[in-house]
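Look at the two complexes coming up: chain A is in both, with chain B in one and chain C in the other.
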Partner chain A sequence: MSRLSNSLRAFEGQHTIGNSRRFWIGFCLAVLLVLLFPFVAGVFSVIQMTVFLIWIFVALSLTLVWGYTGIFSFGQNAFFGVGGYLFAIVGGNLIEVTGATNVALLAAILAPALFAALLGYFMFYGRVSGVYVAIITLSVTLILELITSSTTGVTLGRVDLGGYNGINTVPNLTLGYGETAFSFGPVPMYYLVVVLLVALYLGLRYVLNGHTGYVLIAIREDEARTEMFGYDIRWLKLQAFTASAAIAGLGGALYTAWGNFISPPVMGILVAALPLIWVTVGGRQTLLGAILGAFVLQYLDTTLASSLNSDYAVIVLGIIFVVSILVLPNGVIPQIMTYLNDRATDDEHDEQNAQEAGSPTAIGGDEN
Partner chain B sequence: MTDTDRRTSDPILETDGLTKRFGGLVAVDDVDFRLAPGELRCLIGPNGAGKSTFFKMLAGRHSPTEGTITFKGEDITDALPHERIRRGMSIKFQDVSVYPELTVTENLQIPLQRDRKRAPEQRVDELLGRISLREKRTVIADELSHGEQQWLEIAMAISLDPDLLLLDEPTAGMTIEETDETVNLIQSLTAEGMAVIVVEHDISFVRQIAEWITVLHNGEVFTEGTVEEIEADEDVQRIYLGEE
Partner chain C sequence: MPLIESLLNVLSVIVSSFSTLLLASLGLAIIFGMMGIINLAHGEFIMVGAYGAAIANQQGMPLAISMLVGGVLAGIVGLITERLVIQYLYDRPIDSMVATWGISIILTKIALVAFGPNFPGIGTPFGSVRYGGFSASIYRPVLAVAAISLLVVTYYLFMNTEFGLHARATIQDADTARSMGIDTTRVYAITFVFGSMLAGLAGSLFAPIATVSPTLGSSYIIEAFVTVIVGGANVLLGTPASSALLSLINGGGSQWGGTLLGRVLLLVAAILMIRIQPRGLSSYFINR
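Up next, the complex of A and B:
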């Protein structure tokens, strides 16, 4: 147990929520529940659940770049879209040749990263910051939506880009070589997404609680001051922005493979606003807030949309967003965790008091 | 340091014809400035003398209209702020800017962690000792007094082991006791061989620390000299009292 808690320490620190044994037990239980879900739910629910989890990649990418580094990026959906389109185009062309989508997956991660590096270079080395970054990244997202929408009749190799209708001939995610390649159907896809998500969460916890986390938070808190300690903030921001684009791109590839489909609206303003809402409501400066915010609000959105209609769902989501900003500007999850921590501390005090009250027997018992 | 030392040794910092114009306003006008290694220099002058603009050009926040800045023999006129820091400069601006949401220790870890090889724990403790904040290491910086925040920032600046420390009005808003401690701190730094430039408005503080003073007025070097010389200088009194 002590070896386990030692190895957990690398993932702990003041920059992420949840550093107690209680938290990790809860975390393991949650992962276990998620892993058991396909055994109790039908395939339709598993498919539905998969897409909720896939969008969490975008939420986490936004938390990294906005919540931790302070770069207000409206462009995560652009990177998601570029990843999705790359997967569709490269995968659609190569699946017949190689029988797999390894290259497509790689391209869907690298291309958005490269794109973000280029965009970020001009922004950060050009000293663009604050609201202008939001305007530029939003513009880029909307321009990409426009470009992909105007591709009716355009084909790249075997793949018809399909204009506003998108590409609907995307192969499954297929990893491996030739005959032995494994095609991820609904349930394996679900498990793959879960494993990647857990890995991403732990990876981010590791990075953010280490040296990098300090510097990113320092940039968020006071960029000019941090520069005065000799940090090249342009380069650091570029790295965070690029990494976040790679994460969003991976999400885009998974999304596209999941539905065998990608279309321009994922880069439209309505969809691009969603990750901001999830992350803001959940708590933008916490990974857990992004995860739970994205999950719960998607669930709510889908449930409302199917029981009422989608217009009402948007309104409800908007109201939640506004109320959350007014009442809990730091998000729901940090508030809940503070409450739980306070209670846990109270409990410990109670236990201590109880022990002290019966101290003679307690000490005697320990010695034996 | 004697006056001869000051003139003969190779300067750690030198400006040559440094000028900054904002449109028609000449904020700093053709300033030649030399600082010897290990020297403590006070830069004084009435409001609007160009002290802050000069300071910001040294720090790299303003780029000069004309002239050059040489630091440790290298031309840094066009160097970015972080490049100047990496060459051995460290800067504390006038406004307090600690990281308000982080603890005292975390604040110090940010500059210390730039070079990953150092042992921050030990160094943090040593620095906190210097600014008498050992007991407050886990306090959120926002909850410190104004003077303590100023000290924390000075500690953050010296944590980089600079060869040259630039301080802009380090005692602004401090109590008399806090100012005295700051005097001791700055003097201990120069005793260790660190060159320090202090830009100051308050002449009583300058009297406590300065060996050699440069007076700026209307963007130009008005005069230079020892505390006694400057205080006895009727022209300096005149510009300070605004009797022109």
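Up next, the complex of A and C:
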């Protein structure tokens, strides 16, 4: 047991929520529940759940770049879209030849990363920051939407880009070679997404609690001071931006393979704002906030849309969103953690108050 | 003859693009220049103005009055927004941007629920002119005149009235202004409402030439947004200058390769401008 908790230490630190044994037990239980879900639910629910989980990739990519590094990117959906389109185009052309979509998946991760590296070089090495980054990334997203919308009748190899209607002949995610290639149907796709998501979450926890995390947060808090300490903030921001684009691109590839479909509105202003909403409500400076925010709000949206009407659902969500910004500027999850910590501290006080009168009130650790 | 016709065509496209950009961005620019708040619900204030004008016009009011109704209605919506949400976010510019985003979604959907996806608009007044193969509606130059008039009114308000003096003092140094007895909270509120009214008037003026629908605002917001940033913090100089520059690019591009190319070129030009001079065009006029 102690060896286990030692190996967990690499994923713990003050930059992420949940560093107690209780948290890890809860985490394992949650993952177990998610893994058991296909055994109790029908295929339709599993498919629905898969897309909720896929969008969490975008939420996490935004948390990395905005919440931790302080780059206000409105463009995560551009990378999501580029990943999706690349997967559709490369996959659609190569599936007949190689019988698999290995290259397509790789392209869908690398192309957005390369695109973000170029865009990031353009912005960060030009000292563009703050709200101007938001405007440039938003403009880029909309340019991509405009361009993909105008591709009616354009074909690349075997794939018809389909203009505003998008590409609807995307193959399933198929990994392997020739005869032995495995095509991911609904349930295997679900498990793949779960495994990738857990790996991504743990990977981000590892990186953010390490030295890189400290530097990224330092950039968020004070760019000039971090630079004075000798860090090349342009290069570091470029790295964070590029990594986040790769994550969003992976999400885009999974999304496209999931629905066998991609279309320009994923890069439209309405959809591009969704990750921002999830992350802001959940708590943008926490990974857990991004995950739960994205999951719960998507779930609410779908449930409200089916029980009320999708327009009323959006109004309700919009109101929740605005109120949460006003009342909980740091997001829901950090607020809950602060509350739990305060209570834990109070409990300790109750136990100790006979002996210690003025014990420290701050418990640190779990607080972000 | 064809040369003159195509020149007239280019000119009319550029002029209407200029008036659209200037009208759509003026209110946004004032709110941004004054308080540093990027109001992403601005497009929906334009939409509210268009609905107000269309409804008033249906009730039989004369066109000019209907347009004023649109402006006032957007001003009221702006006032409610400012009191309920914006006033708490003046020191959190990025949160205010995200929150106004939420407001824009709410307003769009309320319009959709209340009026449905389509709404009967206002017919384009004044007829059209014709020269050989060239024909254009007279309303478009009228729109340009209206845009410039609104700019002049704004200029007068900020340069020649007591409110304008207070507003400019608040822009320069809010703390000092407050210690000199200026109620900066009130100045902010009035500015926000004024900006919303300008958006509403823009919407009313667009109503005869646009499709009045809940998503009307979203077709203007990005261009307006980009025009403001390219213009820079000095609204009265920067916004008209960037409207002129971007409309040249947009109009030229549209004429050469269709509206899509026009929009794409406008956005690309704006991205390049922000990279070259993030403080905007107005920083070229003013030596700081």
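The rule is simple: the second predicted complex is superposed on the first by the 344 of 368 C-alpha atoms of A that agree within 3 Å, B and C clash if a C-alpha of one lies under 4 Å from a C-alpha of the other, contacts with A are read in each partner's own complex, and residues count from 1 in each chain.
Criterion: contacts are C-beta pairs under 8 Å (C-beta built on N, C-alpha and C of every residue); 3 or more make two chains touch, one makes a residue touch a chain.
On a predicted model such as this, the values are computed, not experimentally measured, just so you know.
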item: Chain B versus chain C as contact partner of A:227, first or second or both or neither; value: first
item: Touched partner set for A:177, first chain B, second chain C, both or neither; value: neither
item: Touched partner set for A:269, first chain B, second chain C, both or neither; value: second
item: Chain B versus chain C as contact partner of A:136, first or second or both or neither; value: second
item: First (chain B), second (chain C), both or neither touched by A:277; value: second
item: In the complex with chain A, residue positions of chain B that touch it; value: 59, 80-82, 85-86, 90-91, 93, 97, 99-102, 106, 109-111, 113-114, 116, 156-157, 160
item: Footprint of chain B on chain A - complex, ascending; value: 14, 211, 214-215, 217-218, 221-222, 224-233
item: Chain A-touching residues of chain C, taken from the complex the two chains share; value: 38, 85, 88-89, 92-95, 97-99, 101-103, 105-106, 109-110, 112-113, 218, 221-222, 225-226, 229, 260, 263-264, 267-268, 270-271, 274-275, 278
item: Residues on chain A engaged by chain C in the complex (per definition of touch); value: 72, 122-123, 126-128, 130-132, 134-136, 138-140, 142-143, 146-147, 150, 269-270, 273, 276-277, 280, 311-312, 314-315, 317-319, 321-322, 325-326, 329
